[in-house]
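So, here's a batch of structures to check.
The same chain A turns up in both complexes below, where it pairs with chain B and then with chain C.
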Partner chain A sequence: MDERAGTPWLRYLAMGAVSLVMLYPLIWLVGATFKSNAEIFTEIGFIPSRISFEAYAKGWKTSTEYTFATYFLNSFLITLPRIVVTVISCVLVAYAFARFEFFAKKTLFAVMVGTMMLPLIVLRLPQYLMFREVGMLDSYWPLILPSAFATDTFFVFMLVQFLRGIPRDMEEAAMIDGCNAIQMLWHIIVPLLKPAIISVIVFQFIWTMNDFMGPLIYLASVEKYPVSLALKMSIGATEEVEWANVIAISVVALIPSVAVFFAAQKHFIEGATSSGIKG
Partner chain B sequence: MAAVSLSKVEKTYPNGFKAVHGVDLQVRDGEFMVFVGPSGCAKSTLLRMIAGLESISGGELRIGDRVVNELPPKARGIAMVFQNYALYPHMKVYDNLAFGLKLAGTAKAELDQRVRHAAQLLEMEHLLDRYPKQLSGGQAQRVAVGRAIVKQPEVFLFDEPLSNLDAKLRAAMRVRLTELHRTLKEQGKPATVIYVTHDQTEAMTMGERICVLKEGVIQQVDTPVALYQRPANAFVAGFIGSPEMNLVPAELADGAVRVGGQVLPLRRAVSLHLGKVTFGLRPEHIGAVARPDAVPMQATLKFVEHMGSEVYVHADMGGLAMSARVPAEQATALESAERGSSITLYGLIEHAHLFDAETGVVLG
Partner chain C sequence: MYENRRLGFLFVLPFVLGVLLFKLFPFVMSFALSFTEYDVMDPPQYVGLQNYRELALEDPLFRQSLGVTLWFALLAVPARVGFALFVAHVLNARMRGINFFRSAFYLPSILGGSIATAVLWRFLFAKNGLVNGVLVQLGFEPVAWLADEHYSMWTIVLLFMWQFGSAMVIFLAALQNVPTSLYEAAEIDGASRWQQFWRITVPLITPVIFFNLIMQMVHAFQEFNAPYMVTEGGPLSSTYVLALYIYDQSFRYFNLGYGAALSWVLFAIVAGLAAFSFWSQKYWVFYAGEKEKSK
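So, the complex of A and B:
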């Protein structure tokens, strides 16, 4: 134990204070769900004067004919397939880049990393036109399909780096044991990549749940809206916005991402920080 | 079981570097062959070429009666044990052992019987339910060996399997592996083994024959005793034996050898080769007490190392470093002697080796 770090209680006090500052907006958000519009805009404190879950109920119902249950379902209908195709495509591409020799590998890898620097917004228009041509507008396909081709290059890059850190001996042992390339991928590489794959799942879940621009561009029917769009809609739908309702449903909308993060926390942190080598 | 035969086997890397130069070698059926050499001598590369993990640039490799140059590792009938064990971390020991058999579609009953037999052979039945990270280094090594055994391969390949273990465990595993080879032989299932190491002690104690390599070229292939007694060149002489053989520049003239300003008479006939040579004499052939068959050599004492039962004496003979390995009871006077004092060492010159000064090839 480092002696200079001071007494434990002082340390915990300091850390507690900093985390309170960091978490304050979130705490305030929860507190605000119990307040009236007047209270929200006049008080800085987060402790509400009354506890009532009315705002949650109202927010959940929305001013449309659908409840947030529909929007959550829609969000999952986009997010889950997207995660599946992302993991499959990114692992395959990363495996190829990390372990096989092929023509122009270095150039292709550089191009792939280069696309990471590309502002995604410049792809929106051509992609929109493309999906219009094939008649996929107002469906979830434009939101899922691109990920099936490992276009989430950040994930490919992350997996490649992780794979490079794993010694090849295990794969050589597996080769001698009689694995072909696909068996190797399934029996050896995927289990070894597990922490990194979990990171991919968590990132993709949070990013897709939070994605606003994609659904806004491609989806026209309200019944197909995911949570991110529905939240925006709940602000504009009535003349007088009941902020407590909006905030309440925002809090609910945070729950899946937070839950996924905490469920995967152990693996996620390992995947994001370690190179996969264990002593 | 099968013999392994290498004929003019070569390895050239894409960048033009030639790692293995036309290796010719016959490993007999059931033989324990050790590849030994300093780092960078291509011993591991050669082993990996036999395993099929490295491509073969030239020559022919046969396992049994098949040419296997182009066959993938799994079709070669080999099993390999890696230096850092290479156990699958996400599988229990049982599954690590069974993995290869499962892939080969072995029937469940037979698979189970083979895994348990291997576990029994290596005394690790109690480890079958553990994950690799729950094993100690020695246990992990046993599992790695077990994984090779269950496959019942024609040839076992070991790539420095003991170098990650501490000295004590290494010695124990050395004995265990040698015993395992003998056990398999007695059971009528002799295993052809090719074992790579940089440790000459391992090579000497385990190998039935040893292949000494340097820079991708075979220096000598022979039994441990023959390598020790009749090294083919100065490199083998220096590499085999511990502590190292004294190898010093000398001159040969008139039936005697001039080393560090002293003339040591040779008591055996050396074919006519006058001029510069490399003179080699093992430390154990230099003593501290006079005996009728030894030649006295004058030297200055540098320091002594006490090893318990024996003492290593490091001395300077006319500017040349010489070390002697002397039983402790004969070295009491030397131990109390001052650094720099004159001493007399007694060399058993009939055990001396003479090598060509330029090529290093043995003379006589």
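So, the complex of A and C:
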């Protein structure tokens, strides 16, 4: 840490300016959701001249036969199972990499790191054909199933790095007490990994909520659409976009991710920092 | 217990299966498909190198999208990484409220990839949007950000740059590991702040700069949501990135063979650039463990 005195007010000025430029658009947009369409396009101040939740009500209803309640439910139906299978598979695999010796361990680890850099877009098309072959199109399986096999290698990597930094004393003591591998995993490893697991949950929650191309490719029926696709539809539906409604619902769409972020931000940012990664 | 090789392999088995089934097999399959003509209805027809020949010689849209992608990466990656380093450097002091700034700057990285943000972005840069509103207040002419092909690229570059938070926290962690004693010694020798930054800070964090550049490059070459949602590839294909073209060929026109060939070109470029970066490391990346050797 740079402890020299320097000119602190200059730092504050610079950071204040940067945060204003970065966050003002968001603040302004939240303000815009209460404005009338006319006021949105003429005011650069964010405080609306009136408070109206009309845009929220209209946006929520959508131009389809479903409301955003359906789309949010769909998003959670994809996200929650995906988080569960991700955590289970990634913890198992990370445990193996960090503690065990086995056949071709070095090669497998290299493959894992390598796939982190593999552009997903190369795999989309064949994956689509595979899921089509087994009749899983227009279902949530293609969005969830791969995660059950620790294919989100970024998380495995993060957990391995975390586990490597933890001394083995407790595990050695447990082994002397006759603990088997499953007990060890459940009673020792998982509690130790807790901060890292929280990071996995938060990242996976936000990324899955944000995921757009996956649902776009695999889902055909509107009743199965998650929030991201429904939002896209609300823009495409009419030529004259009702901006206030669309913005209102976009703001609502961001709430779950923002809430999760603030609830877990400490673990989250530290997890991201210590493993050094992505976004 | 940890010497039990069978147990270890059992635990890693999900990953082995997952890589084979969802990574390696699709990877090989996409390569094979790139030598075929395939429209989902009829079985794939082997056509040899025809797809590659076509995209290299007869497809102006491919050339356009390749140029757009390279231009985007060239602008967006240094912009994001450079800005992240700048902010991390300023924040790297014992200052009150560092946690607030860290969270505030990280927030866009959380939201940035979502469609909701793309919608909002499109709105900010609309003809009467906030950005033009501010420009007019400051006495400038408004700019047709989304309708003018000279400016459209900047909207998605700015969106990419806006999400600098994750690169920033990685820099911040690295900066906090630079020993203060080095700066104190430099100060005694009369080095200016500017010299200290370039001669001490930057060389010591080159591994992290390298890591951020590589990861951000891989992201930039795959950028899809922003050009798809904010600019829709336009105007005049000025933001029609390769990822968008691959998506259109594969999932809209169902030219699967051609789409596969395009995606392999993208992969080859990313792999080539990554290989080049790894090779170039020996000239500029400085690993602490090798300090003595290089002297």
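FYI, the second predicted complex is superposed on the first by the 243 of 279 C-alpha atoms of A that agree within 3 Å, B and C clash if a C-alpha of one lies under 4 Å from a C-alpha of the other, contacts with A are read in each partner's own complex, and residues count from 1 in each chain.
The rule we apply is simple: contacts are C-beta pairs under 8 Å (C-beta built on N, C-alpha and C of every residue); 3 or more make two chains touch, one makes a residue touch a chain.
Note that the coordinates shown come from a computational prediction; the quantities given were computed from them, not determined experimentally.
S.K.: Could you look at A:Lys61 and tell me whether it touches chain B, chain C, both or neither (first, second, both, neither)?
M.R.: Touch partners of A:Lys61: none, neither chain B nor chain C.
S.K.: Considering only the touch criterion stated at the top, classify A:Arg11 as touching first (chain B), second (chain C), both, or neither.
M.R.: Touch partner of A:Arg11: chain C, not chain B.
S.K.: With the two complexes superposed on chain A, say which partner A:Pro167 touches: chain B (first), chain C (second), both, or neither.
M.R.: first
S.K.: Name the contact category of A:Met209: first (chain B only), second (chain C only), both, or neither.
M.R.: So A:Met209 only meets chain C here.
S.K.: Who does A:His187 touch here: chain B (first), chain C (second), both, or neither?
M.R.: first
S.K.: If we overlay the two complexes on their shared chain A, which of chain B and chain C does A:Met175 touch? Say first, second, both or neither.
M.R.: both
S.K.: Applying the touch criterion given at the start, work out whether A:Gln127 contacts chain B, chain C, both or neither, answering first, second, both or neither.
M.R.: Second partner only, chain C.
S.K.: Which partner, chain B or chain C, is in contact with more residues of chain A?
M.R.: C
S.K.: Under the contact rule defined above, give the chain A residues that sit at the interface with chain B and also at the interface with chain C.
M.R.: In chain A, positions 175, 278 sit in both the chain B and chain C interfaces.
S.K.: So in the complex, the part of chain A that touches chain C is made up of which residues?
M.R.: So the residues of chain A touching chain C come out as 1-4, 6, 8, 11-12, 14-15, 18-19, 22-23, 25-26, 28-29, 41-44, 89, 92-93, 95-97, 99-103, 105, 108, 111-112, 115, 117-130, 132, 146, 148-151, 153, 156, 175, 180-181, 184, 206-207, 209-210, 212-213, 216-217, 227-229, 231-232, 235, 243, 246-247, 250-251, 253-254, 257-258, 261-262, 265, 269, 272-274, 276-279.
S.K.: Tell me, which parts of chain B touch chain A in their complex?
M.R.: 51-53, 72-74, 78-80, 82-90, 99-100, 103-104, 133, 147, 151
S.K.: So in the complex, which bits of chain A are touching chain B?
M.R.: 167, 169-170, 172-179, 183, 187-188, 191-192, 194, 278
S.K.: Write out the stretch or stretches of chain C touching chain A in their complex.
M.R.: Contacts found on chain C: 1-9, 11-12, 14-19, 21-23, 25-27, 29-30, 33, 40, 87, 90-95, 101-117, 119-120, 123-124, 126, 128-130, 133-134, 137, 162-163, 165-167, 169-170, 172-173, 175-176, 180, 183, 187, 208, 211, 214-215, 218-219, 221-222, 224-225, 228-229, 243, 246-247, 250-251, 256, 259-260, 263-264, 266-267, 270, 274.
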